[in-house]
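Heads up, the thing below is written out as structure tokens.
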Amino acid sequence: MNKLSRGNHRKVAFVMAMALVASLSQVAPAAAKGDDIVILIGEKDSGWCAQDSPGLDQISAKNAVAETLTIMNEKGKIVPYLAKTVENSADFKTWKFTLREGIYFHDGEELTAATVLANVAANLGLNPLIPASLPAIAWQDGFGGVTSLAQFAAKAQALGKYVVQFNLPAPRPLFNESWYANGRPVIWSTKTLQTKACGTTVGAGTGPFKIRSKGVDQFQTVLEANPNYWRKDAAGKRLPKAATVTYKVVLDAAQRTNALVKGQADIATFGASSGPQLNEMKKNAKLVLFEGRRDTTWSFHMNTTAAPFNSKSARLAFSYAIDREALAKVVAKGNADAAYCFGATYHPYNLSNGGKKKCATFDLAKAKQYVAAYKTETGKDLTVLLPTTESTESAKANQAVCNMLKKAGAACSLMPPVTATAVILRGFALQQQVSWFNVVAGYSPAFADLFSRKTNLELSGFRFTNPGLAACFQTALETNAAAKYQECAAVLHGEAYWVPTYNEGGFIVARNTVTGLGETPLPVGGKRPVVGLSGFDIASVKVSD
Amino acid sequence: MNSMMSIGNLHVRFATPFGSLEAVRSVDLEIPAGASVGIVGESGSGKTVACRAAMGLLSGSNVQRDGTVVFDGKELTAMTREEVRNEFGTGMAMIFQDPMTALNPVRRIGTQLSESLRLRLGMDKKAALARSAELLSLVRIPDPEAMLKKFPYQLSGGMRQRVMIAIAISCNPKLLFADEPTTALDVTVQAQILQLLSELRRDLKMSMVLITHDLGVVANHTDFVAVMYAGEVVEQATTAELFANMKMPYTQALLNSIPNIEMKSGERLQVIEGRLPNPVDRPKGCGFVTRCSYAQQKCHDEHPPLLDAGNGHLYRCWYPLGHTIARKP
Amino acid sequence: MKYRVALKNLAKAVLVLFLVTFSISILVRWLPGDPIEILMPFATEEGRAALRAELGLDINVVQYYFSWLFDLLRGDFGVWYASTGDGGGVPVRSMLAVALPRSLLIMLYTMVVSIVFAVPLGIFLAYRAETRTDKTISNVLFAVSSIPSFAIGLALAFVVGVQLDLLPVIGYVPFAENPSEHFRSLVMPVVSLSIGLIATFSRLLRVDMIATLREDFVTMASSKGLSNMWILWRHVLRPSSSTLMTSAALQMGALIGGAVVIESVFALNGFGMLLTTAIATRQYLAIQSLVALIAIAYIVFNLIVDVLYAVVDPRVRGGRG
Amino acid sequence: MRKKYTIPTYFAFGWLGFAVFLAVFGSFIPIDGYQVIHGDFIDSPPFTSGHWFGVDSNGYDIFSGIINGARLSIFIAVVSVGLGGFIGSLLGVTAAYYRGRYDSVVNTAFNVVLSVPNLVLALALVAVLATNVDINEAVPTWRRLITLVMSLTIVIIPILGRIARAATLAWSGREFIVAARSMGMRDRHIISRHIVPNVLPALIAVGFLAVGVVIIAEASLSLLGVGIPDGASWGGMIARGRNDLEYNPHALYIPIIALAFTVISTNHVGDVLRGKLDRREGRL
């Protein structure tokens, strides 16, 4: 026992209480906001330049800085944007882009035909400083596989200071779409293209905002208003309206929700997989939700070059095992539709679009049957490995799928994110059995490129190596006929190369103090959609506070 | 007379972070068969280390032992660890100073006592336990059967020391080291234990080395005495010779520091002033010089060799007692 | 003499450091898959060869280790390869410049807060030892120290952050930018990390202080008529704090990497996140350099505590000889 | 005199017994497996009929998940602490007993492992060991489990090894060890009969604490996505329920409570055991 006498323990308690009070009296008022907009996104910044492959969240940030020649309006039509007009020959082989005059990059360069040619060359990997880019998937074959600047000069030329003409070897009815490609092929200034750090920390575009800082840790990008921005609002007033925009990366949807509810951010983006959060935010009077059209189909893509999905039985077993209604419910909580065909019903690939053809379905008995068939075929049990990312949503959704597969008698486990991330870095699904893939195909069938072409990227596991199917899609691409697309799509479904799971529209949630989302008219008429594939129009956004 | 153990030129050095420490320096010692030899010295004088080194109980990478030890005609210092181990218990055994720490607190007396019988003598469990009970009665422990089942903490100090002795003699050793066997006990028990040891030695025909700081103990229970100071033997003789003809001032100081029943009340007990020299950094002269009331300049400058006063009486002093030299004021 | 001991300890620390970094070199080589395929899927042959040389895949692991070591000593922590797959990237050093200060500050605040609360609490409990108050609080602390910090963090973010609307739920604000926001942004992460530590520390201190209170010099001080507060703070605290300090040093090392989960809960993107990402994305050079940093920090903290022992407890200073 | 157990002690033993019971006999309880999706009950609160603990947002019954998680969490903790404790104390005890170069090597190895935070170490080990060179080949669940257990074992080895070493150092200086040697006992005998019985109480007590550490470590690894595949452990349930905090708090808190109760109980039992096992020594 203690040798101290008792009595003044009150003093001890008092000292402790004082310490407690002293440490809690730190609370200070929140910082003032004004024209500073904070946007939370769920994707890390891995670079914006031609060679990088940002996802949708980062593209929306990137498009606030750099813009595309064409753009998609809220009706889903591709219209000229940095280009004033886009003309094509009747055979879709010659395309002429006339640029707007008087547009200047953030570094002072004027937008001219020469700038556009420099950008194309960079995207094709002809700029020795900038390696080949991902948009090249969409372009390279269109240019007939050019490998040198000399070859390139024959295909693309400046017809004047503001006019560029492309001569293609094969018909490309959707060449103007390739110049949009969901906001990817932006036009950078020539100096930017010649910097090795292009898009990582620096970048001069024509957009409403300039880069103030881009964190090397990939978690924060701060933009400031471009005073010389070329577009004006409906009243002819100067844009942009905000002084600064901060894109903060917060990987977890629940944290984005918390921060938004608290007012730590003005706008945040969400996928339908954040269903519980979305449902809760819908009830919050301080928040406004915008949902895009449900035309993004989350699908499983099978790697047909390796076991087990080189076997048709395995693919069919997988396709029949997935209870799409249950999955949509688990993942999106009513914020997405179960998907049986590619895209929404109006999509040219969609087999039920004006047709009577059937898409993939859920059928447990058949799934079990094909699992057994695979066993007979190969002597092995069907074992599936699903890649996951760090996010809770990913683990949740994949686990639900895994359990569906187990119900059908297949073995299934989740690939841990530490492995999956490394694998994904090898170039999408280069070596995975299967991967989630969102087919952003709402208005445009351009993703047929993925099935039909050879590129320098050799994503052989990623694309179909089925020559017959590739030819089918090539023809579809050249004719742009819905019937042809559907013919190819029927093979896709029949062979279960792709397994659609659910359709989502994507969400943008803003606080009710935010105004101007999707308001600015496009120069050629129409508007950008609030929830589009390349981000909303940030130029007109303002916070009233 | 047969020699039971003969220690020649024994050195023990410990490597420490502060340099090499020589705990035992050039010790020569003869232990005749059947005799009892006392080793006397203050704590820290190296007596325990010397004995453990002689037995081969010191181990570790920081210990260096030089010299020769011949036990029962076998040269221990030339044997492997395993061969030496085979001599333990049956050849030589040791009784420890503190029976409190020398018994394993978590094991029963019976287990601890019988394990050496089983492991060293190959007895079966039953025989070993029976023999254990005999051993306990040999060391005069009442009700040995009940004692076998007890844990060390349930015993008094004297009882524990008896158990220690029983363990040590369990395998009939030829040579028994008793390292301050009574220091931890109270005075009445001390006498009983020493008496017991002497009787056991006689009955079992063992040799014994009795390590102590108490010259009084030595006087009653040993045949030969070696006095150690700072790692060296400083005086050595038969017990009778030593007490009759003391040569070392240090031995005398030790004798004076024993409490005496005949002391008058109020009379101060003499203590040896000062400290042992730093074992890492020894003075070059006599180690006792700073504490010796007879010290001269020569004692500071030169280390005294071991001199022979006849009768096998060895001492290490430039100015032994009996010389007529003025005491320092 | 004492310098020799210090030098020997230092030599041991350096040896441990060497072994840690060398083991990591080997471990990194074991990571499955061809690093070139992962870091540079789109590179040219020359680029691949260059990266191969940079990662030391063309030389044996020993040679590679030493070249990495010399780079590290020169302050070159290697390159963080961009996901572009062309072998380009940013220096790990600049990534560290962003992430490290955050984590260090969080650690520092956590330690300060934990000790500031744990010491009075430990003293109070020791003072009231074996009373009902002590037993109740001790049991509660015991329970609290068993709750994982992320659980506390998640609950705090929801209740204090969203429902009570008191503190920000995400993000980090640098001190230079806005001092008051800086502290506000770190309150919840620090509290979630501290609660367990406060419980652990005060329990440790309580036990040691109860032992010290039994010693005679306390009776002595008491008999001199000194007040209990004075005795507790001036006489008892110092000799009772060695276990607390040891534990604090060990926790320091663990906190550096262990705050990973809390960093993800509050979207702080500090050192822990950097390290996890480095492992996930096979940033070979970065993994090595980051782990080496942690090991260095751990070892330095332990050396500092050795010195602190001597400062706090003179017995350590004198007792060595 | 036998000290009476307090209420918390009864609770701790009771809970651990219950958890072990669930782990061993959980599969005989007549309810659906944890993987069954109860589509109609998604997000049901606790005490819904048929679902005592409610249903999480994936449609999994939480009670069933707790039972299954008990099995995994306890298996992982017991095996890795048992194995790590065995290897660690083997190394620690022999190192402290034999000293010398062997001791330096072992001690340095412990320091090397300890200087990397255990979560980082486990994460790196899982990344290395639970990945196939051929990505197309699924890493089987048993291998993931073994990898996780191995990683946590490696984390535990130096923690318990150091304790064993320190305790052995203290005990091997005691006279009874020298006494045993002076009687000609073999080293192996001395270690197993004289040192281990004395070191064991401390090891068991710390071992129970380590069980708590491992359970939390497994949960943290799950939160980082490298835990037990399919999120079947308590940590996995927490990781899955994390985003549902505001909507289905029970999906997060029930596994956290189960986990915290278990950790509190193991810690408490560790404390009680230490007191009990050390009593003989304490009386000396």
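Per-chain residue numbering starts at 1, and chain names A, B, C and D are given in the order in which the chains are listed.
The definition used in the following text is that contacts are C-beta pairs under 8 Å (C-beta built on N, C-alpha and C of every residue); 3 or more make two chains touch, one makes a residue touch a chain.
Remember, it's a predicted structure, so these values are computed and weren't measured experimentally.
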Farthest chain relative to chain C (centres taken as mean CA coordinates): B
Of A-C and C-D, whichever chain pair has more C-beta contact pairs: A-C
Inter-centroid spacing, chain C versus chain B (mean Cα positions, whole Å): 53
Inter-centroid spacing, chain C versus chain A (mean Cα positions, whole Å): 38
Chain A-chain B separation of Cα centroids, rounded to whole Å: 87
Distance between chain centroids, defined by C-alpha means - chain C, chain D (Å): 22
Chain C, residues touching no fewer than two other chains: 33, 158, 162, 264, 276, 279-280
Residues of chain D touching at least two other chains: 123, 127, 131, 135, 224, 242, 245-246
Residue numbers of chain B (touch at least two other chains): none
In the complex, chain D residues that touch chain B: 99-101, 174-176, 178-186, 189, 193-194, 197-198, 280-281, 283-284
Partner chain D, residues of chain B touching it in the complex: 52, 55, 57, 59-62, 85-90, 92-94, 96-98, 100-107, 115-116, 119-120, 151-153, 164, 167-168, 170-171, 177
Residue ranges of chain A touching chain C (in the complex, touch as defined): 1-5, 7-9, 11-13, 15-16, 19-20, 23, 26-28, 30-31, 40, 46-47, 51-53, 131-132, 196, 200-201, 215-217, 219, 248-252, 255-256, 258-259, 261-262, 264, 390, 417-418, 421-422, 425-427, 430, 457
Touching residues on chain D, where the partner in the complex is chain C: 8, 108-109, 111-112, 114-120, 123-125, 127-128, 131-133, 135, 212, 216, 219-220, 223-224, 238, 242, 245-246, 252, 256, 259-260, 263-264, 267-268
Chain D-facing residues of chain C, complex: 12, 15-17, 19-20, 23-24, 27, 30-33, 139, 142-143, 145-148, 150-151, 154-155, 158, 162, 253-258, 260-261, 264, 275-276, 279-280, 287, 291, 294-295, 298-299
